[in-house]
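This is the structure I want to talk about, given as structure tokens.
We call the chains A, B, C and D, going by the order they appear; numbering starts again at 1 in every chain.
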Amino acid sequence: MSRQPRPKPKQVAAEILALEPAGAYHRLVLDAGDAAGLVSPGHFAALAIGGRESSMLLRRAFSIHRADPAARTIELIFAEHGKGTKALAAHRPGDTVDLIAPLGNPFPLPDGPVDAVLVAGGYGSAPMFGLAEQILDRGGRVGFVLGAGSEDKLFGVEIARAMTPYVAVVTDDGSYGGKGRVTDPLPGMIRELGATEVHSCGPMPMLKAVTEIATAHGARSHTAVEEAMACGIGICMTCVLPVEGEDGVTRFLRSCTSGPVFDGARVRWDDAGTLPSDLEGADAMNPHRETAR
Amino acid sequence: MSRQPRPKPKQVAAEILALEPAGAYHRLVLDAGDAAGLVSPGHFAALAIGGRESSMLLRRAFSIHRADPAARTIELIFAEHGKGTKALAAHRPGDTVDLIAPLGNPFPLPDGPVDAVLVAGGYGSAPMFGLAEQILDRGGRVGFVLGAGSEDKLFGVEIARAMTPYVAVVTDDGSYGGKGRVTDPLPGMIRELGATEVHSCGPMPMLKAVTEIATAHGARSHTAVEEAMACGIGICMTCVLPVEGEDGVTRFLRSCTSGPVFDGARVRWDDAGTLPSDLEGADAMNPHRETAR
Amino acid sequence: MSKNIDMSAPLGATVTLPNPISTASGCAGYGRELHRFVPLDALGTITTKTIMPYVRSGRATPRMAETPSGMLNSIGLQGSGIDHFVEHELPWLAERGARVLVSIAGERTEEFAEAAARLKGQPGVVGIEANISCPNVANRGLVFACDASSSYETIRAVRAAADPAQPVYAKLTPDVTSIVDIAAACTEAGADGLSMINTLLGLVIDTETLRPHLAGTTGGLSGPAIRPVAVRCVYQVHAAMRAGAVRRVPILGMGGITSGRDALEFVLAGASGVALGTVLFNDPSAPLRVLRELESALAERDFTSLQQAIGRAHTSN
Amino acid sequence: MSKNIDMSAPLGATVTLPNPISTASGCAGYGRELHRFVPLDALGTITTKTIMPYVRSGRATPRMAETPSGMLNSIGLQGSGIDHFVEHELPWLAERGARVLVSIAGERTEEFAEAAARLKGQPGVVGIEANISCPNVANRGLVFACDASSSYETIRAVRAAADPAQPVYAKLTPDVTSIVDIAAACTEAGADGLSMINTLLGLVIDTETLRPHLAGTTGGLSGPAIRPVAVRCVYQVHAAMRAGAVRRVPILGMGGITSGRDALEFVLAGASGVALGTVLFNDPSAPLRVLRELESALAERDFTSLQQAIGRAHTSN
């Protein structure tokens, strides 16, 4: 299992080639130039939206759904969430957004064939199909477990079905597939494939639950997290998560540079959004301690 | 000579119907709804540009070039000046801008026939053609003196020629018409028409010079000023000019509500941008005066 | 105005308003122009431009500069003086049913008191806002609200001179090391409410003339740009009230409010009322829109009254 | 880098930089990530994230909120401590020819001195920025730079402990009644330069959770929103230097710079150097763009050197 090489990200004024609905989401195709050739599954892109007179300064991060080096394009699947994604959805082909890509650590890929289950919630499936292709190319098998709140929030069920017979789909409201959570079909899928790797992308509670199931089944859990980001490139320190290192010490790691794909077993899921007292340097955060070291 | 009635301005989310080049300028046609029926020549419109996520909050003022009550449209002619007008120029038909119109005091119109010279610098001619029509309708004669830096910055020479044989055109660089300033042909035009009214719109130094010439020829000078505005509707107090009242006292008047058309003879042109010591209440601006009244 | 949300807002111990929306001083003149876009009686209050006892010309132009998500102004308190206001503006406002919060100022404590006294018993006046964010001539031109003892003296004088039925608000500047200290001095002196915040001192240089853009060199920064500072001031002072360090009085919050969401932020931080300033230049119809949006925002969050939401960000559930 | 404009900028009496562009502390880490977008040796200096003598975890998340034309952050000075920096980060920076302005802090005056001493004679270090805009544990947690005497003591201690060849800058907060007083105290204490400004204290309330959005409750407001405040601070302090009320030292200006035009504004107000902060999150390539734009802006205005433009807004022609 080896980490992908870390390419030097490119900053490009990227023209929008297509922007169209994809269920509850939007599919955005960007002319990304050389950046397209550097992408591995799990890499993300950071967009600055709205140009110079915009009141929004911070970058928005999106998983890269597909990258086509020949066409020099990058495709993203995004949901309207707040101001920036709403403004992005109001763009039209021909408009330009400032793109930085590829960013982050992609999913670790096997050197040889391995069997893997790919678990995704909502648009979290976007980066999974490129990953599936590469696993299949290396002679492994893949299964998909796709979940969402409702049918329109599922993305890529057909793409998954075209790739593998092992596809389980669930929705919270039962409007498509089984009614339930991705954690319901996951154990069976791991067993069916004898999977040693579970890759997941979705909300934090899902990643935690997936990791628990994977670990219980002796599989490695590779989780792509979504932590609020301001820059996407590692300079603002806003996107940290408590992650336990090889040395057993927990530190706040930037999810944009150390992640977004983390070994799920090392992330302190329950402590996200808190300051665990055993975190390295947490003692220094108490201004009233008597000894200043 | 009577002031036009002051209509209640409308605030409209106005769709852009057309946006196209007009020489060095842009011609903007807006779906203005009921506002279109309320416009008199000299009224202006104030636009909020860029929507909710824009970093630009303040309104931009533009003379109304034409208003078509039947089509419910308002036409503006605008130059790219700073951020807002550059952003406006980048809009496309179908986009929306927030419009308030009509605003300000329009040009005073004769009850019967009068002969008038209309003087304009650059896009300052935009409101003049509607005015000319109304003077002609009332049986008066009009002459135009149009000036600009260069040919591409002239607006409406052909429209003027179609309305009256009295049209003088000058450019600073001689690229069209005579080389010179509007003040060169103005005295001759006033004499030729025996004009009793001179209406002008353009930069402050031009308005001052036009007023001097008009006054010297016994004509009234109606000047449409352009002072920096934040709101356009009279609530911010940023757009003031020192103007002498009927009582001989000079006060700071808002050019958006007391103007933009002022009696040129009452504007203290040389004192614009200063705090003249004889201004009412100027004494109160000196914090170190000993008597506080 | 329904949805069954009780929008009534306290202005002082004895005055309750039908809703919390006001205009910020200097951003709606004396109401005549705004009335063409919003019926003034639909507002909780209209706060007037600050009025001095005498005529003031205001500063030379340029008086404003646009800045990112904000603006700088140096109007310089242009106005015709308190007598002119009482004779020519106030009756018009009262006729329209407007509830007027009259903003007053002076260059000395006595001038504040003089203006306050002139408003005694005047119909239409629901309260007085003492704009102490202006220079105190008697104290080397230091802004009253930059100094706790100047603030105390002035508010005490205004409270003493004013009609007892008219609540007196102190309008504070954020340009101080501790706004809690100034708030404490003002409430100690008898302020019935606090208006926060006035503009931040700013400066823009015109890169063409190479000189300060405003004729007055510096100006006041307002608009959404300053909202986080304003919310912080309201939050800090409300927290100090909860802790007993500042006497508990209503807070009129302002600074960059453009929407019901923004207004809610101030209410949650501790404001009982919210005033709209710079947004009016962008959207003079904002007051009714913001009122409606605030009402919906409260309803969506299962509040049944504005009162329940005031200061809610300070409680842990 | 040509157009015949001499872009050299003084960092202190003894150190001159090839150009005035720096990064603002905390907005470029220790340079490694930014180096992928801008060769660090092309900058006048790179200012590091503030370093304490010891490891600090920083605050819990959420650590940021976007605000109109700005952002709020409460990172809480996360870092591995000065020893780790000197051993693992500085050599990498020095190898790349970066000129490093090391930002240091402590919770007590002695901790500042300790960090400064550790940098003595270190290759790559061209100066020290003492971030005194942080709480002083020995003075009830009051921010050092909110108090003239704390500022004086700390800067004196840093100046005494630091390598004499390394200029010491004091980084000031705008959240004070008079920034000129603090500037005077710092230069009096031996500061070789002043960095202005740090963030403004702000707060955003999450209208969904009804609680402050940041885990740290309040945070620092940065970005173009605060630029007019920053320019005002630089202008006021430079004016005080011209008037002899503050000792004349170079000013490193920052707060909302996004373009050469913005940088020029700071220079005209009195800054000798300009640092880019929040803009880097939007555009990590900004430093070279701003440098080029500043150069062109100077050329268009017939300056032949940066030096000529410094403080130019204070002269009447």
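In this text, contacts are C-beta pairs under 8 Å (C-beta built on N, C-alpha and C of every residue); 3 or more make two chains touch, one makes a residue touch a chain.
A quick note: this is a predicted structure, and the numbers were derived from the prediction, not measured.
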Based on the averaged CA atom positions, which chain is farthest from chain D? B
Determine which of the two chain pairs, B-D or A-D, is joined by the larger number of C-beta pairs in contact. A-D
Where chain B and chain D are represented by their mean Cα positions, the distance between them in whole Å: 46
Using the average of all C-alpha atoms in each chain as its centre, how far is it in Å between chain B and chain C? 35
Counting in whole Å, what is the centre-to-centre distance of chain C and chain D, each centre being its mean C-alpha position? 34
Mind pulling the chain D residues that touch 2 or more other chains? 68-70, 223-224
Sequence positions of chain A contacting 2 or more other chains: 55-56, 83
Using the definition of touching given at the top, classify the network of chains in this structure as line, ring, star, complete or other. complete
What part of chain C is in contact with chain A in the complex they form? 68-69, 224
Which positions of chain D touch chain C when the two form their complex? 65, 67-70, 72, 146, 175-177, 200-205, 207, 210-212, 218-219, 221, 223-229, 231-232, 235, 256, 261, 264-265, 268-269, 297, 301, 312-313, 316
The residues of chain C that touch chain B in their complex are 26-29, 32-34, 36-37, 49, 52-64, 66, 68-71, 73, 75-76, 78-80, 106-108, 111, 135, 137, 141, 215, 223-224, 258, 278-285
Any idea which chain B residues touch chain D in the complex? 55
Tell me, which parts of chain B touch chain A in their complex? 50, 52-56, 83, 87
